[in-house]
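Which chain is which? They are A, B, C and D, in the order written, and residues in each are numbered from 1.
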Amino acid sequence: EGPGLGQPLETAEIPFYATYVKPDGTGLPEGSGTAADGEALYAAKCASCHGATGSEGPVMPPVGPNDIWAKPAGSYWPYATTLFDYIRRAMPLEAPKSLSDDETYALAAYILERNGVIDAETAMTAETLPQVKMPNHGNFLDVWARQGAKPW
Amino acid sequence: EGPGLGQPLETAEIPFYATYVKPDGTGLPEGSGTAADGEALYAAKCASCHGATGSEGPVMPPVGPNDIWAKPAGSYWPYATTLFDYIRRAMPLEAPKSLSDDETYALAAYILERNGVIDAETAMTAETLPQVKMPNHGNFLDVWARQGAKPW
Amino acid sequence: SAAAGTAAGLLQPRGARAEADIPEWTKAAGARARGYGTPAAAEASVQRAIIEPWQDVAPAFSLSGTPHHRLRGTITPNGLHYEVHHGGRPDIDPARHRLMIHGLVERPLQFDLEALERYPMATAIHFLECAGNSLFNAVMPEPMQAGCDMLHGLVSNTEWSGIPVKVLMEEAGVQPEGKWVVAAGADGPSLARSVPMEKIMQDGMLALYQNGERIRPEQGYPMRLLLPGFEGNMNIKWLTSLWVTEAPVHTKDESGEYTEILADGSSLQFTFAMGVKSFITHPSATMTMSGPGFYEISGLAWSGAGKVAKVEVSADGGASWAEAALAAPVLPQALTRFSLPWHWDGSPLVLMSRATDETGAVQPARADWKARYHASSFLHYNAIQPWQITAEGAVQNVYL
Amino acid sequence: SAAAGTAAGLLQPRGARAEADIPEWTKAAGARARGYGTPAAAEASVQRAIIEPWQDVAPAFSLSGTPHHRLRGTITPNGLHYEVHHGGRPDIDPARHRLMIHGLVERPLQFDLEALERYPMATAIHFLECAGNSLFNAVMPEPMQAGCDMLHGLVSNTEWSGIPVKVLMEEAGVQPEGKWVVAAGADGPSLARSVPMEKIMQDGMLALYQNGERIRPEQGYPMRLLLPGFEGNMNIKWLTSLWVTEAPVHTKDESGEYTEILADGSSLQFTFAMGVKSFITHPSATMTMSGPGFYEISGLAWSGAGKVAKVEVSADGGASWAEAALAAPVLPQALTRFSLPWHWDGSPLVLMSRATDETGAVQPARADWKARYHASSFLHYNAIQPWQITAEGAVQNVYL
């Protein structure tokens, strides 16, 4: 029951941040980047908040874990695809959505490489990123699937 | 049940406006004033809001009734004592509690006289004011006494 | 678990990224947290409607009405609770303010704020309504075209917290002859009203907090009397004195301003509780319908006598009525939101709501209300509010 | 009816008039009514407590906590509702804001505010609690000495009004495979969370109003998602997109920040509802008792699973418990005020409260909570809060 006042939404009107890259890679754009490509970018655009090499912080270091942050993005997260989507939509904090797709792949590669999850040569692309095996994947209990809205 | 933190309140600490002059005159102070005494005072301190002779307004003219105000203080109110107390505590609007007791008696006398309720010579005092018979007295139905909190 | 898709499947052009509008606030960091929030700048026009009957000579006598046509739900935010100031809003130093209890008591007492903070407190959601709410509909010969802020804004609804006055009265020890309490404020006019001891002891509250925080200056900071269901004027703001007496003392407000002249020329005095009432907020006067189709009719209902039992809505000027849904929880002496789905076919008609409370009292039609009172009377006006919708979709105040 | 009294009787000297203090605000007219009110100047210190963990490099990531120790009742005024901004508070032009519904739906749709104002609206009082509320107690080796604003301020309680999301989903036509909804905000980081369709259809609300007025900027102006009982982060502020998917998409927040590492090193993901919880606000840390005697112990309890069933209070560190009174109405997923009269004899002791919800869940002791989680974990901390009262009357945060 309602007034039916919704206007048609064309695909072209949907900005990328209204979707999310899925674990199987759906939604990843063309482009590529290696950890080497990402290193200078990271130093220029990310290090001020996350630390010189990604493990120093102060902000939730993506490389670790360490005493600052037990859940580093590059090794704790279950899927590498999240790195691409999150960096593209949200980082750097003061200029979100300013990175190109290539830059985003390169930064994801840099963070994964610094965590020892991928090697320095492998470029991250729409095909390789979803295939990255995250070390903590499989170590999560899905509480919603197990008991729904009942608090843990 | 409570913490019992109330402090003793001495009679001398109770300001006059924490009580009210009762219809029988309890609470009226010494002093006196006639309508003649009140006339100039009224013109100086009251006329700007209530009208040159008390019936013009714009603010709730105390002399009437007329089209501006159906419930003029000097003829509609059931007790003349209320005039003394209210003027003393509240008027003039910008300088409440600035009038002397004599001035207040005189202003009450002026308003009553203009309404034809008392004559011009009778001074209002703690003894005469409670004895003024207000014309609308006896024309009120006490709804609380009749039906308590039930809305009319 | 990453199934390698085909390049075609994975690499669907996300043309939307280029073509979709990305507003600038989605491409920047925003502002930091702040100590105390304010409404969005774009909502700056959501204000109380100010009524100053004698603006030139007596600006301190001023009122403001809640813009119910701009609000939803039932709680009134503190910044928009209606005001009636008989002598303006005083600027009180809370450290110097005190509450006195005296008269027919065993132990005359005074309390400062620090002491009062130690007392047991109760919490309840209640409306406050000025006895003069909706006065324009009561007395204007032609219906005024204005919003619900002007027409019905002198009622609001908040959560009050404070000390049951009973607790303080018991500490002072009320003497058997003490049947009334004269409450007085610390404002310029020292506004005073006689209140039955029965009401004080039943649910009178020394309210210190409103919607969680300390009462705002215009609501009586640092404390006010709350008498659920009773006309606003009796809920003394800036309360400084509770004087126990054997009888009402006939203060100014109970002698004239808050009495009502009936059709026969006699008057009612000591009319305390507000009657059952309702009005539709959506749609309401000053709005324009945005074309035929589905609308939700929504409004507010309340009664000083208890809970709202039923609200009926008519979309044909009173020929037929349908029962509206009441939003839970329905609380006593509290605004209750009602709503009803409705399809407007675009033709002119009159919408109205009629509330019934738990005592069975029903809102009267305007003509019936007017027939009971003197032509000048405007207090406790609780008649049904009809809104006329024109063929052009204008919503207008009408008398039926 | 005026009985002439004796002169002596009538003319009792009212010496009080001369000797009693008459404050200056009682001898003047006050200020006029105003369009939108603000708290008293004397209450300027009642502010949210600001927490900026990386103030130097990332000030936009900022939080502020409700000062519950300065408040009473259950409603949080809009100006003091807690904030958590992952990328700051955006300044949104409501005329350009839109809500998109797309993905596994028959008819992808977009709505502007004007259209949404026509939809049916619901109203309900609900708490919101950040999953990280009370984090200092969870992780600090020694109890932090701070007020309830810092210690438990990331929970607040307001009346929300808006459109049941179900109505909008039905207009778009959810496809059978559409089991989750990825909600995203229009803030800089476009904060996104995967929400089960079951929750969306059960009681998900597109909230447009808070405590009656339009939602404040820090609460998501012009609109936010409200998921009663679920961790604050999922109640997406500045909501601009609802994308229907077959499965959760593992957004940033559900991958790391809002997951919890257990004692064995494995992690919980998709932990949504907040557990049963309570704390005493009066007295609480940073306060000083004003001597032995009567006090009312008062506090707040809530549960993401439904209503609070019971709150017990101990004044001897947990050796014995007494049941507190709950202020009516007790509403599901809403802050509930509890209180208990108490006599402090002046000796040192530990006060604490323990809530039980309608599902039978009980607040754990801190040691039991800590035993379940990794040392670094601080989300969904709902352990009992003990307050130690020293012989000097200082109220301090302690771990038992």
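By our rule, a contact is a pair of C-beta atoms (placed from the backbone, for glycine too) under 8 Å apart; a residue touches a chain by one contact, two chains touch by 3 or more.
Fair warning: this is a prediction, and the values are worked out from it, not measured in the lab.
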Please tell me whether B-C or A-C has the greater number of C-beta pairs in contact. B-C
I'd like the Å distance between the centres of chain A and chain D, where a centre is the mean of that chain's Cα atoms. 30
Round to the nearest whole Å and give the separation of the Cα centres of chain A and chain C. 50
Chain C and chain D: spacing of chain centres that average the CA atoms, whole Å: 25
Out of chain D, which residues touch more than one other chain, so two or more? 21, 26-29, 60, 87, 118-120, 188, 190, 240, 293-295, 341
By the touch rule stated above, which residues of chain A touch at least two different other chains? 1-5, 11, 13-14, 17-18, 23, 79, 81, 93-94, 96-97
Hey, how would you classify the chain contact layout here, line, ring, star, complete or other? other
State which pairs of chains touch, listing all of them. A-C, A-D, B-C, B-D, C-D
In the complex with chain D, residue positions of chain A that touch it: 1-11, 13-14, 17-23, 48-49, 58-60, 70-73, 76-79, 81-82, 85-86, 89-91, 93-94, 96-97, 136, 139-145, 148-152
Partner chain D, residues of chain B touching it in the complex: 1-5, 11-18, 23-30, 79, 81, 93-98, 126-127, 130-132, 137
Residue numbers of chain C touching chain D in their complex, please. 21, 23, 25-43, 46-48, 50-52, 59-60, 62-64, 70-81, 83, 85, 87-94, 96-97, 114, 118-125, 158-162, 186-188, 190, 208-209, 211-214, 216-219, 221-222, 240, 290, 293-296, 298, 327, 329, 331, 337, 339, 341
Which bits of chain C are touching chain A when the two form their complex? 1-5, 7, 9-11, 14-17, 19-22, 26-29, 293-295, 341
Would you mind writing out the residues of chain C in touch with chain B in their complex? 53-54, 57-58, 60-61, 87, 100-103, 107-112, 115-116, 118-120, 167-168, 170-172, 182, 184, 188-192, 196, 198-199, 229-230, 240-241, 243, 245, 247, 249-252, 255-257, 259-261, 265-276, 303-305, 359, 361, 374, 376, 380
